[in-house]
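Below you'll find the structure, written out as C-alpha cells, and then a few comments.
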Amino acid sequence: METFATLLELIGTIAFAASGALIAMKKRMDLLGVIILGVITAVGGGILRDLILGITPPLAFRDPLCAVVAIATSVLLFIPWLRHRLMHNQRLFDVVLLIMDSIGLGVFTVMGIWNALTFTVHHSAFLLIFVGVLTGVGGGVIRDVLAGNMPFILVKYVYACASLIGAFACALLRKLLPLYAAMLFGMLLVLIIRLLAAHYHWNLPHADDVE
Amino acid sequence: METFATLLELIGTIAFAASGALIAMKKRMDLLGVIILGVITAVGGGILRDLILGITPPLAFRDPLCAVVAIATSVLLFIPWLRHRLMHNQRLFDVVLLIMDSIGLGVFTVMGIWNALTFTVHHSAFLLIFVGVLTGVGGGVIRDVLAGNMPFILVKYVYACASLIGAFACALLRKLLPLYAAMLFGMLLVLIIRLLAAHYHWNLPHADDVE
Amino acid sequence: METFATLLELIGTIAFAASGALIAMKKRMDLLGVIILGVITAVGGGILRDLILGITPPLAFRDPLCAVVAIATSVLLFIPWLRHRLMHNQRLFDVVLLIMDSIGLGVFTVMGIWNALTFTVHHSAFLLIFVGVLTGVGGGVIRDVLAGNMPFILVKYVYACASLIGAFACALLRKLLPLYAAMLFGMLLVLIIRLLAAHYHWNLPHADDVE
C-alpha cells in the first residue's frame, strides 16, 4: 500500500509539475521561473494538506524525492525541441495542459484522503472529502495565483466539482472495496469528468445569463 | 457562551459568504465559481486562524455546518430574481457588499480573539489583537487575491484600522465586562467605523499627495 | 547567539518592511496600505516558516518587536521629504528597492535555517535548505501577490537561485565553522549574487528564445 501511494504521488507530482512548467513557459518566464512554478505546483497542494492535518514539517520537506522529480519534469519540458513544439501549437499545448492538470487533480484528491486516513485519528467523511478536494485543487490554485491567472477552480467547467465527486466516491467506496481500489476509482472518476466536461464544454449558469 | 459563539460564527459566515458570492458574480463566474468563492471567503479566515493557533485540523474541517451555510447563502444570492436586481443596480450592489463585508470583518475579528482565548494557553494582549485582526481580514484577502482584485485591506478606507480598533477594544474590555459583552462591543465598533468611513470617505494621506 | 539572531532578524525586518512600503507607495496606496504591506512583507516569510516547522503560534505573534519595527520603518519612508525623493527618482527607487529586498532575502534565508536548527529535532540538509529558501522568498512572494505584481521569484534574474546557493553554503559550512559565521557567509553570498545579477543582468534562457 505504501508503494502504491508513493507511485501515485510520483505520477501526480509529474503531472502537476508539467502543468506549472507549461503555464510558466506560456508567461515567457526563464528556465528558473519554469522550474520554480513547476515545483511549487507539484508540492503546494501537499504542503497545504499537511499543514491542515497538523503534519509538521510537511512530508515534502522530509524527502527530496518529489522536489527532484518536479525539477526534472520542468527541465525536460524546457528542452528546446519539446518546448518549440508546445509553444507553437496552441491546440497541442491546451490538450497537454488539460491532461496533466486533470491527472494531478485526480491523483492529489485521493492522496489527500489517503494522507488524512494514514496520519490522523478522527476522520469523518466530511473531513476526508474536504481535505481531498483541498489537496487536489490546492497546487493549481497556488500556481494560478502566482502566475497572475484567474484560478481554474473559479472559472473552468466543473473543475472543483470533478474533485468533489471523486473524493465523495473514494470516501464512500473505501468501506466496500480495498482502499487502493477506491482510490483508483475516485481518481479515474475525476479524470473522466474533467476530460468530458472540457470536451463537451459542460457549463453551469453564469451570473450574466439573466441579461 | 458556546451558543453565543456559534451564533456569531454563523452570522459572520453568512455575511462573508455573501461578499464572496457577490464579487464572484461581478466577475461573471458560473454558479460553481460563485459557491466556491463564497465558501472560501467564509471559511478562509477561520482556517488561517486555526493554523496560526495550532488547531489542526481546523474547526471548519471538523464540522460541515459553516460550509453548508456558506453554500446555501451563495446559492440563494444566485436565484435569478435576486441576482438580476443586484447585478443591474450598482449602488444596491455596493451597499450590500459593504454591509456584508463589514459584518464579516467585525464578527471574525472578535471570533479570532474568542478562539485564541478558548484554544490556547499563553495569550498576551498582542497575540489576541494580532490573531483577531488576521482572522477578520483573512477571508477577505483570500477572496480578493483569488478574484484578481487588489485586497480591500490595502486600498479601502481604514479597513484594517477598523478591525484593529475593534480587536483592541475587545481585548481590553474583556477584563472589565463579561466576554460576550466585550465581543459585541468590539464587533459593533468595527461595523460602525467601517460604515462611517465608507460613508464619509475618510481618508489617509496617499503616496502621491506630495505631487 | 540569541542576540546575534535577534539582531539579524531586526535587520531583515527593516529591509523587507522597506521593500513592502516602497512597492505600496509605487501603487499609490495610502499610509495605512503602506504600513500593512510593510508589516506583512516583514513578518510573512517568518510566519510561513513557523507554520511549516510546527511552531504555533508563530514567533511573530508572541513578540510585538518585529511588528513595531516594521511599522516604524514604513512610517519613516512615508515622511514627505523622503517619499518625494523616492517617488520622483525612478533610478534611486529601483536601487533602494533592490538593496532592501536583497538584504531581506539574504537575512531570512539564513534565519530560516537557524530556526529549523533551533526549534526542530530531525533536520536533514534538504529540510534546512528548503526551509531557508522558503523563509527567504516567502515574504516577497506574499508582498508581490497582494500588490498584484508577478512575484520576483518567478521573473527576476536568479532570485531564488541566490537564496538557494546561500542556503546551501550555510547548511554545509555550519559543519566546519561556528554557526554565526556560516550564517554571515550564506547571507553575504545571497546579497552579492543578487546584486551582481541585477547589475550585469545575468539571465537564463527564456521560453521564447526558440523563436
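Letters A, B and C mark the chains as written, and numbering starts fresh at 1 in each.
Convention: a residue touches a chain if its C-beta (ideal position, glycine included) is under 8 Å from a C-beta of that chain, and two chains touch if they have at least 3 such contacts.
Model, not experiment: these values are computed from the prediction.
Chemist: Drawing the touching chains as a network, do you get a line, a ring, a star, a complete graph or other?
Modeler: complete
Chemist: Between 0 and 180 degrees and rounded to the nearest 5, what angle rotates subunit B's CA atoms onto those of subunit C?
Modeler: 120
Chemist: Quick one: compare the interface residues of subunit A with those of subunit C and tell me same or different, with half as the dividing line.
Modeler: Different, since most residue numbers here occur in only one copy.
Chemist: Please report how many Å separate the Cα centroid of subunit A from that of subunit C, as a whole number.
Modeler: 29
Chemist: Spell out, as numbers or ranges, the residues of subunit A touching 2 or more other chains.
Modeler: Each of 51, 54, 145 in subunit A touches at least two other chains.
Chemist: Where on subunit C is subunit A touching in the complex?
Modeler: Within the complex, subunit C touches subunit A at residues 51-54, 120, 122, 124, 126-127, 130-131, 141, 145, 150-151, 153-155, 158-161, 203-208, 210-211.
Chemist: Taking the complex as given, what residues does subunit A use to touch subunit C?
Modeler: 24-34, 36-37, 47, 51, 54, 56-58, 60-64, 67, 78, 80, 83-84, 87, 145-148
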